[in-house]
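Labels run A, B, C and D following the written order; every chain starts at residue 1.
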Amino acid sequence: MDKTKKQAEKLFGLSVEEYEKISELLGREPDSFELGIFSAMWSEHCSYKSSKVYLKTLPTEGGKVMIGPGENAGVVDFGEGDVLVFKMESHNHPSFIEPFQGSATGVGGIMRDIFTMGARPVANLNSLRFGSFSHPRTPYYLSEVVKGIGFYGNCMGVPTVGGEVVFDECYNDNILVNAFTIGIAKKDGIFLSSKCEVGNIVVYVGSATGMDGIHGATMASEEFDLKKNKKRSTVQVGDPFTEKLLLEACLEAMEKKLIVSIQDMGAAGLTSSSFEMADKSGKGMLIDLDAIPLRTAGMTPVEMMLSESQERMLIACEKEKFPELKAVFDKWGLNCVKAGEVIKEKVIKFYYKSKIYKTLDVDVIVNGPEYKRPLKKPQYLNKIKPVKINNYKIPENLNALAVKIITHPNIASKRTVFTQYDYSIGTATVVPPGFSAAVLRINGAGGGRNKSKKGDKGFLLNAGGNSRYTYLDPFTGGALAVTECARNITACGGYPAAITDCLNFASPEDPEIMWQFAYAVEGIKSAAVKLNTPVISGNVSFYNETAKKDGDKTYVSKIYPTPVIGMLGFIDDAGSAVTPYFKDEGDEIYLLGSIKGGLGGSLYMELAYGDFRQKPADLDLDYEVRLQNCLRSLINKGFLKSAADISEGGIFTALAESAITNPEKTLGFDVNCDIKAHKLRIDEFLFSEFEQAFIITTVQKPDGRRKSETAAILKKYGIKSEKIGSVEKGAMKINGIINLKSGKIKEGYYSAI
Amino acid sequence: MDNKKIKAGITVFPGSNCDADVYRVLNSVFGVNASFIWHKDEIKDLKKYDFIVIPGGFSYGDYLRSGALAARSPVMESVKDYAAKGGITLGICNGFQILLEAGLLDGVMLANRSLKFECKDVYLKTLNTETPFTCAVEKGAVLKMPIAHHDGNYFATESLISGLDGKKSIIFKYCDEKGGITAGSNPNGSIRNIAGISNSAGNVMGLMPHPERSSEKILGSEDGGWIFKSIIKYIKEK
Amino acid sequence: MAKKAFIKVVLKEEVLDPQGKAVLSVLKSSGYGNVKDVRVGKYIELDFNEDKSGKRRPLEEEAEEISEKVLSNPLIEEFSIEIK
Amino acid sequence: MAKKAFIKVVLKEEVLDPQGKAVLSVLKSSGYGNVKDVRVGKYIELDFNEDKSGKRRPLEEEAEEISEKVLSNPLIEEFSIEIK
């Protein structure tokens, strides 16, 4: 193998086969400019080469979906001429290298994906995974990531209304930062990257291009001058102030119809934005590299093409309209320069130093490889068996264990995190973070009032996933991520409508990892089909693994497979959303649904026996749909005062949270359940997770009409409901076994992290 | 007088982000005729407005010091002139910071004691109900409003504070649910729990909490509405 | 004896400085058109206890370590120290 | 000819410095017990265009004005300028 080839593999992340394929396509060896472009466009990140075959299987149409995957974000019909646009994206590696800037630019990047489409961002969510809570670096990552997210979102004026924070040692060497944004637009005000017309001029707007985010690849290219490197940094620095200006300028230019087509510059900056716009529009482009505004003088062509400087966009605009477009960006104090033209021939011609520098075929660059990588069932799975509960002695002090669970960092309140995010800006947040799904209403600012009903129409958002369950059973973990989001939305009275997914995995070149991926996607697919929540956008992040040294031994530290789902739901009257916490003393508590008692993978198994590696209970998706429809019917009738799903920490945690999260008062409960009738041991009843059931409350002594209507609804869906107790003052009591003071628990719950 | 006849001007700086919220609440909740004033616009005279709101946000990214850069933009010269002539001027959050930096109010804003951004509901005790901003508020009322800021730790020298005190210019203090002005209810470390102050003439007020986010029942509190109702009442009775 | 360290932490030359950019734009529009560029960094004073034992390692060394590990982010910043 | 102004902006001694306090507590808990006090300020570089006409007022004067009017808040901060 000659020198360039070796270099291509080592430095550009291309395999030997890929390098040979490129040479074949070009009819010669690529030069370093071409190599830079190929390496970016054929990277896993841009080409989805390992995941495409699986992503294709996901349901992407139906329901209220208007635009599915393929654009910067998906679009869902919100009625009355409004649409919602959303997507989730990972920024894992940059956040591990520099947690503040990495998470900040992650948030900035996903918001650009949304306003590129013509939508004003109205809410952010995020899913965060850190190493074990006791790991010495965890406090640093937690504090910096949260600061970075707040810094960017708060400055942009977009409320951050939800998300999740999970600690697990599998993330000690690879933290995960997944950011979600949703925006609102008018149905006829959506902008796409695929609309370029021959003769349009190509316009570069936003921040100047610097050396940010240019990876090792170009660092080592021959064009790179080592002396220049001294003061150089590849970390992307976020500037939310400039992005806020970019947002306002873009929306103003769109409103004035000055934009034909537009694409944000995300990963691989100018390279992916220009090639993708050209490709999707079926056109070509002239790009004048001399016109690109530079922050660092003397950047080489390949550096300009690969820079990941933030807060930039590429626009196609009609020639005559350019002066008007420029006036808008001038008003907001932003760069706006002619950087080329749309041409018929599907190539991109680069000009540099006033001469044609390179001409590249769009199809060749864009149609990267697609792999069906080998799969192998992971060895460890053979040892994952259902829990044989009788092999485990019940711990003597279940009270103490219950306290441990409710104050565990993964269960306890994340208040110290989300109070660092502005969640009330926008005057739309009806149910803030800290409960189940976030509920937002749409008011005069973004859409119209729902004229047919008395209240404001609203939507609900939730994001999450459980990687431990996915590790133990990839299919169930994938499906569970979807159903769990839906449960949170349904428990507020909402209708799940569509999802976005962020699939975080280790190396796809490992057949066992690829197997996890395939089954997790299959699980997502099955649940999304059953719940009728199509996948409208998403992102895949592979290679979340790090080579480590332990003495003489080297090993690879890999994350658990971590599919994260972001879900949108609708509600006719946002003001009528039900919250999960108990309302008043004396209200009756019911268990709606069925309980199985599967403890595999539970926090209880870890804390009580130090061993969670068992098979989680199966998920009955048909039952799930009936159960959620039943619950929603009861809520819509106005029969319920609270509803909470059962997730990590089991029924005990669901009850305890319901009692202590009421913002106005501290409550308790007295629960007595005939667990023998369910054939469960007390610990199975208390701590089994993700049961297909909800804890609901109703008024004290419901009248006859209400009782018979409730019975009819239960019968219609074939769902059981069982009274298990009532809301009490300040103590938590279950079956004479659990007896805790609510005030104490509340204190621990809110101060654990 | 019809509320529609009342004209409000809302300043917009690069990075302002509560401008749209204030605009919507004034127009659709209180029926006032509110419009935006772009920071670069050469409005020499703001007198057509019955009152001006400097909304919250991150003007100029809050870079250097919160409010510092906006306080130096051209429109603030007009606002100073407007305020000097007795024009009613309300600064909310970043708007408060801008008023301080522009010298229209006394004191400075330091970073929150926690050095963190804090978003939560707080309670406010109204100390002076005889201002254009509080004349509709019940005496001694406790109001619930959200805060969302990183730099709300109000600071002034002892002599400045006693001056403010003497002129009844301390309008709001952070308190607990029952109105007790306690250390525990102070969300940011501000001196004497100060949440809002006015100038000595009483026509300029700044406060850190967001009345526009608490003017509708669906958002969990309508208490912020009292501030806008006060301004409207004051203008009508003037 | 020297007991104070004065540390300047500045962004590396090619790193984006959003603060500097915003200050520059305000200076320009406030009539300070002669200013071409602005960079905003940190200035930190460390005040040390007196070394009564006389056995401590040199201040320079300690300040250097603190600057590198705590006060600056080597990925994007560089620092300089003055001891007085 | 001099074209750069280096400006240090620090909090006045009597003003509480929460950021400095936070850094101090981090230093103490990281084993730097010798540090007694920390103050965090700003360090700003202004780069001026060359004065081709030779008729501009001295850089000192302009930097002084900018520091006073924009870069610092005289109520809590003080500044010093170095021209190079």
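Simple rule for what comes next: contacts are C-beta pairs under 8 Å (C-beta built on N, C-alpha and C of every residue); 3 or more make two chains touch, one makes a residue touch a chain.
In this text the structure is predicted, and so the values were computed from the model without any measurement.
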Q: Could you let me know which interface, A-C or A-B, is made of more C-beta pairs in contact?
A: A-B
Q) Can you give the whole-Å distance between the Cα centres of chain A and chain C? A) 37
Q.
For chain A versus chain D, what separation do you get between their C-alpha means, in angstrom?
A. 41
**Q.** Gap in Å, rounded to a whole number, between the CA centres of chain D and chain B
**A.** 30
Q | Multi-chain contact sites of chain D, meaning residues that touch two or more partners | A | 42, 69-71
Q | Per-residue overlap in chain B, given as positions that touch at least 2 other chains | A | 60-61, 63-64, 69, 72
Q: Would you mind listing the residues of chain A that make contact with two or more other chains?
A: 239, 241-242, 333
Q. Which two-chain combinations qualify as touching?
A. A-B, A-C, B-C, B-D, C-D
**Q.** chain C-facing residues of chain B, complex
**A.** 60-61, 63-64, 69, 72-74
Q.
Under the definition above, what is the set of chain D residues touching chain C in their complex?
A. 8-10, 20, 23, 26-27, 30, 32, 34-49, 51, 56, 62, 66, 69-71
Q. Tell me, which parts of chain A touch chain C in their complex?
A. 97-98, 101, 207, 210-212, 231-233, 235, 237-239, 241-242, 295-296, 309-310, 333
Q | In the complex with chain D, residue positions of chain B that touch it | A | 64-65, 68-69, 72, 101, 107-108, 110-113, 115, 153, 155, 189
(Q) Residue numbers of chain A touching chain B in their complex, please. (A) 147, 150, 154-157, 239-242, 244-245, 331-333, 418-427, 429-430, 441, 443-445, 455-456, 574-575
